[in-house]
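Chains: A, B, C, D, E and F, in written order; residue numbering restarts at 1 for each.
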Amino acid sequence: MPILNIALIEGRSNEQKEALISEVTDACVRALGVKPETVRILLQDIATQDFGVAGESVRVKRERQA
Amino acid sequence: MPILNIALIEGRSNEQKEALISEVTDACVRALGVKPETVRILLQDIATQDFGVAGESVRVKRERQA
Amino acid sequence: MPILNIALIEGRSNEQKEALISEVTDACVRALGVKPETVRILLQDIATQDFGVAGESVRVKRERQA
Amino acid sequence: MPILNIALIEGRSNEQKEALISEVTDACVRALGVKPETVRILLQDIATQDFGVAGESVRVKRERQA
Amino acid sequence: MPILNIALIEGRSNEQKEALISEVTDACVRALGVKPETVRILLQDIATQDFGVAGESVRVKRERQA
Amino acid sequence: MPILNIALIEGRSNEQKEALISEVTDACVRALGVKPETVRILLQDIATQDFGVAGESVRVKRERQA
């Protein structure tokens, strides 16, 4: 009964999210031998100002690189 | 000093959330013998496209069943 | 389909954990009107050196107060 | 830069965990078009007394079914 | 390679969030001796109706105190 | 009332953890203007076989590099 939380930088389409849910569920089934209906996945959209890497947000990093 | 994260499919009213916070805090007090003021609860609204069960999102499942 | 993570300072007995799972599930059922079998709860034991409040760990706080 | 937390009932071998990390990373690469080195995964072993479904722990459920 | 999730009551400005990411990353570097580029931080804005303390939400607490 | 979860690869001493709790709390106080006693931090030790980067665990990566 795996439970997955997946944090993503915001901006993914519903189609990408659907593919992610499907592919990751299949990956759990193959690796762990669990039934697909036992796999629960929560996606979490993270805004660029809320995702920090190396001491700055992705928002600031992208503005600097623009 | 229990800390709870509760992920819910979006759409709950403030009244339901208030009841949930109150009832779950009481449950912790009864089961653990802690003081209510030490219990912290974070509610997380999950959009239907962000909640995956059995390899598809709740959004797709509901559209298919509509 | 609520999913709950509950972080607790280590040391709770299996009986207390069982009571917590039972009471918190009932609380979700009452407040949200969901079926009990849709409620999933993960308990997380936190060691006293891993729980920080007010800038120090519970381990150090307890040693100071002993 | 997806970050995944995966909660599993304890008892998986290192080989199963390695397969899970590899398969889930590939799934993220295919669904999101990200580079594998940006994917970070945290596995969390949950003891059977710490995983509650339908108001009781997996520990109690298994004992009842034994 | 520390990964931090920081839950905050909503309402912080981008400048406060940027300062938080910068200061917390520096704190990890000093305390753990890691390189800043290995530190990843996710900020999570929690609405006042979604943050419960002592059995009620911060929304209700603030209305009562207003 | 910030709540922080910090995932670390296992092996940190209690002294490093204490320094981390102290430094990160101070960082929150400086960046957000909150009182130290409102800051709660949970440290989570992640075993090397449970931390995946780029499709493999840190356990396997370290064995390969040894």
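The working rule: a residue touches a chain if its C-beta (ideal position, glycine included) is under 8 Å from a C-beta of that chain, and two chains touch if they have at least 3 such contacts.
All figures in this text were calculated on a predicted structure; none of them were measured in a lab.
Under the contact definition stated at the top, the chains bordering both chain B and chain E are A, F. Fewest steps needed to get from chain C to chain F, stepping only to touching chains, is 1. In a homomeric contact, the two copies may use the same or different surfaces; for chain A and chain E, under half of the interface residue numbers are shared, pointing to different surfaces. Chain geometry summary: the mean Cα position of chain B and that of chain D are 21 Å apart. Mean C-alpha position of chain A lies 14 Å from that of chain D.
Chain F has residues 1, 3, 7, 22, 24, 26, 40, 42, 44, 51, 53 in contact with two or more other chains. Inter-chain contacts occur between A-B, A-C, A-D, A-E, B-C, B-E, B-F, C-D, C-F, D-E, D-F, E-F. Interface residues of chain A, counted against chain E in their complex, comprise 7, 44, 46, 49-57, 59-60.
For chain E in complex with chain F, the residues that touch the partner chain are 1-9, 12, 16, 19-20, 22-24, 26-28, 30-32, 51, 53, 58.
Taken together, the chain F residues at the contact with chain C in this complex read 14, 17-18, 21-22, 24-26, 36-37, 39-45. By the touch rule above, chain D contacts chain E in their complex via residues 1, 3, 40, 42.
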